[in-house]
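I've put the structures underneath this note.
In what follows, subunit A forms one complex with subunit B and a second complex with subunit C.
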Partner chain A sequence: MSGSTVITPTAPPVPDQAAAPAMGARVWAQLGERPRLVRTASALSFIAAWQVGSMTGFLDERFYSSPTAVAAAGAELFTGTDMLPHVVTTGTELLVGYGLGVVAAVLVGFVLGYYRVIGTLADPVVMALYVTPRLAIYPVLVIWFGLGLGSKIVMVFLGTFFMVLINTISGVKDVDPSLIRAARSFMAPRSFILRKVMIPGAIPSIMTGLRQGFSQAIIAVITAEMFVSLSGMGNLISTYGQAMRTDALLFLVLLVSSFAYLAIRGLSAVERRLSSWRPS
Partner chain B sequence: MSETVVEARDVTIRYTSKNNSSVLAVDGLNLSIERGEFVTIVGSSGCGKTSFLYAIDGLLPIHGGEIRVHGGLVNGPGRDRAVVFQEFALLPWRSVLDNIAFGLEIRKVGKAERHAKARELVDLVGLNGFEDRFPHELSGGMRQRVGIARALAIEPDILLMDEPFGALDAQTRESMQEELLQIWQKTGKTVVFVTHDIDEAIYLADRVVVMRARPGRIREILPVDLPRPRTIDVKADPRFVRMRQHLWHLLHDNEPTLAAVQAS
Partner chain C sequence: MNAVLEHPVGRALSSDRSLKVLGVALFFGAWELLPWVLGLDSFVLPPPSVIVVTLVNEIVAGRVTEHLLVTMAEYGLALGLAAVIGISLGMLAGRVRVFDYALEPFVWFLYSTPLTAIYPLLILWVGLGFNSVLLIAFLLAVVPVIVNTTVGVKNVPEPYLRVGHSFMADRWQLLRKVVLPGSFPLVLAGIRLATGRALTGVVIGEMFGANAGLGFRIAENAARIRVPEVFAYLLLIVAFGVVVTQAFGALEARLLRYQVRAR
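For the complex of A and B:
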């Protein structure tokens, strides 16, 4: 609302009693239509409260740090050379594990979704592995694949694989059977049905898997690195944690979350594009 | 001279369900259809109409008897037949034009050629201006126009239509019926048209095949000797009214009366 509006006595007549609540309701409704504004306001007030809290001593800065301290730690980490090798380690683990996981899961998912008998046979195994807390087997993975990249790549791979697999299987199974019937009626060979009916039909579901798989991948790489590792963002976070460097720790967590958030936003955008034919 | 294009002899179709019990969907069905004929099949839901139609197309195997199309035994879908599906079965990620060209693409017709052919059909079914739309942007009537165009695009001799207008509102349905008759007259196809709407069955047909359920069999074949070309006014013709009455009784006598249901 523009602040310069002057309400004169000749303004449109409004019933006096209704005026106040109607005004409140109107502002409320307008805020409902500006979610971005509301979100920004909420984030800013949180940061302000945090800053004020630590400046007044209400929050112990050793435990809770403060926005300015976090920002300073961030500047220090970015200008120094300490962080870069860790970024490279985590990035490599993420890229390799996620890439392999996606490719393997889509291929296996098509086989399990397409061939009903194999799918039914594999179902209990897939489900059992899907619900297994993967961190519990991590110590064994370290023994098998080493303290370095290998064990993290396998963890990322597993996290990605099952998410993408489950979604690919359901995507393939849920392809409208009447479309397959129509293709068969026009004498389509199997390869055509696969390429032009099954794959496009399963894509929205696969994209959902790619998005969910990516959040799993991030969680997997950071927790694994925090647990046992030689380097990586998780390793750095746990080092700063042990040194009680709350400011640097919070900055790194913020950095990882922001990266994950942006990547997932990107994947969502691709997902929406590829699913635009779906009636909303 | 008349020439038989579809010949069904003693056709039996069975479904085996998970608990190994089997349903006899169609049992001992005999029917011959002549070239250029418009045959409608009516019957209550579940009496085997779709099963029989799919068997003619070769989508569904039969368990007894035989079906011949142009003299050859049916053992799978063929170039001379195309189906218009009750549920439209359009690829939702394809534009109208690419849906119409679907069958041609399967037949490896080049892109330019199949789009040219698809454009002709867009004209025929009156979808001009909608070529680049997606199925979810179309009304039910328009979606089924795409379904009809897709079937006609491969130039089949026989058009197999499974309750194509079943999902449409009454008004759209009537105008689609009229347009279908015009297309049929223009193209001279043989049409097998399944419906459970008695008026639709008589209005369109040269012959109405009445089926009865459990097991699916032919109850009667009714020749429709109403003049063509027909318009909606034919529905007021006394002969039309008599046939409608006759079919109504045939289809409803089959079902248990309310009293019988209550007594059991």
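For the complex of A and C:
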């Protein structure tokens, strides 16, 4: 979606537009060259409209809060010590579940992608579990693993696992067969082919999986905590929700989504770096 | 590998379909044996046979149909709305660059926020039940439709548009006859992503704040620690997801047949 390569479908001048007032058209055309400006203006005008709406009473502050109230709630949460244990809980669940999920998925993915027979055997089950909302199994996980960290770690693991698995399998399968044949014809041993051909070939796709898996992991941890938990950001969100503290709730939502946004951006930067060697 | 393929059994196994059937059979077989091997009671880990019997009992007792219909209605509406609104916004963003940029912050927000986190707010705004389930499923589903349609419209080759202009196509004709068909494959791919996200939205919404639907039945039975019932409804949801995905895949292949022919 980069600005420079975008085709401008409106470029060919249509006769009736040529006669349009030049001033407005020129400003409009210039805005088309300033993505950052337009984005910022758009987000700011949304916030301004929200603020004005709540100040004039058009938006009920109990239901919709207001930007200033959200900021105040944020300051309160950050200066207090209430939030820290929740951050620690969620962070632990996220890291452990995600880490285990990635390792397991990459290992299983290589096996399923490399051995055609095993891959085909597992395919329908993997696809069925991939397309179903896996969060629906969370109530069972609570029964099995309890209210605490265990059930969330398993939930995060599942969310991560299938995303990374699907991408690893397709990455391994899509490794150019002529590269493997070339390595074989030079009598390369299996371990060499794995290290020098399969792994580098599958890495871009695995990275895509890591990124998509992380966003699944965040959704999984927050949703699971909101459903049943003892502590964590999701727990805090649902506590504020029940207390109708819209301001604090919205602040926490913004905090979580900024974190998710930055993490995903970071992972896609790594992704681009690791796949920059391939000819496009 | 080749030696295996020449063997008759190997040849039978190399057919993808029979392998897949075997895979499903192995999966359920292993699951059937697992509780028995581990000595687990069926209210801890019910084997598939118990789950199927439970599901049949639920259906016979008339506890499924009504909830399945609610889930289907919510799902269909959410997906339909996401398709219509997503395609419209995407078309606009693809054609008008300023609108594209203005929309971006909101799309980013919807993409990176775990939307369940705003579910308490949605309930506050539109009430518990059908409306809030519909809204969260819609919000989840609409994002990939917008993004894919925008990219699809931007990628319509410029010569096509010029040809349209040369034949004096007006704006509406250009949109309907050139832009829409040109971006069709990507639009469909967006809707395919939306089919999964809408189902997630519906089920989560029902689990959190509803009094009907398959997700509600999961939460309700889980609260009473009725594990076989929970698995019975999970099985239904998996089946729902698989049917929808397969149906959409078939529809997509049919709608895109013209492309294959054109090549």
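Rule of thumb we're sticking to: the second predicted complex is superposed on the first by the 248 of 280 C-alpha atoms of A that agree within 3 Å, B and C clash if a C-alpha of one lies under 4 Å from a C-alpha of the other, contacts with A are read in each partner's own complex, and residues count from 1 in each chain.
Here, contacts are C-beta pairs under 8 Å (C-beta built on N, C-alpha and C of every residue); 3 or more make two chains touch, one makes a residue touch a chain.
These numbers were taken from a predicted model, which means no experiment stands behind them.
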When subunit B and subunit C are modelled together on subunit A, clash or fit: fit
Touching partner for A:L249 - first (subunit B), second (subunit C), both, neither: second
Partner chain in contact with A:M187 - subunit B first, subunit C second, else both or neither: first
Partner chain in contact with A:V197 - subunit B first, subunit C second, else both or neither: first
Contacts of A:V117 with subunit B and subunit C, given as first, second, both or neither: second
Greater residue coverage of subunit A in the superposed arrangement, subunit B or subunit C: C
Touching partner for A:S178 - first (subunit B), second (subunit C), both, neither: first
Subunit C versus subunit B - closest C-alpha approach in the superposed model, Å: 7
Common interface positions of subunit A, toward subunit B and toward subunit C: none
Complex contacts: residues of subunit A adjacent to subunit B: 176, 178-179, 181-188, 192, 196-197, 200-201, 277-279
Residues of subunit B that touch subunit A when the two form their complex: 57, 59, 76-79, 81-83, 85, 87, 89, 91-94, 102-103, 105-107, 134-136, 154
For the subunit C and subunit A complex, residues of the former touching the latter: 13-14, 16, 19-20, 22-24, 26-27, 44, 94-98, 101-106, 108-109, 111-121, 124-125, 150-151, 153-158, 161-162, 165, 179, 196, 199-200, 203-204, 207-208, 215, 218-219, 221-223, 225, 227, 230-231, 233-234, 237-238, 241-242, 244-245
Of all residues in subunit A, those that touch subunit C in their complex: 1, 6-12, 14, 28, 31-32, 34-35, 38-39, 41-43, 46, 63-64, 117, 120-125, 127-129, 131-133, 135-137, 139-140, 142-144, 215, 218-219, 222-223, 226-227, 234, 237-238, 240-242, 244, 246, 249-250, 252-253, 256-258, 260-261, 264
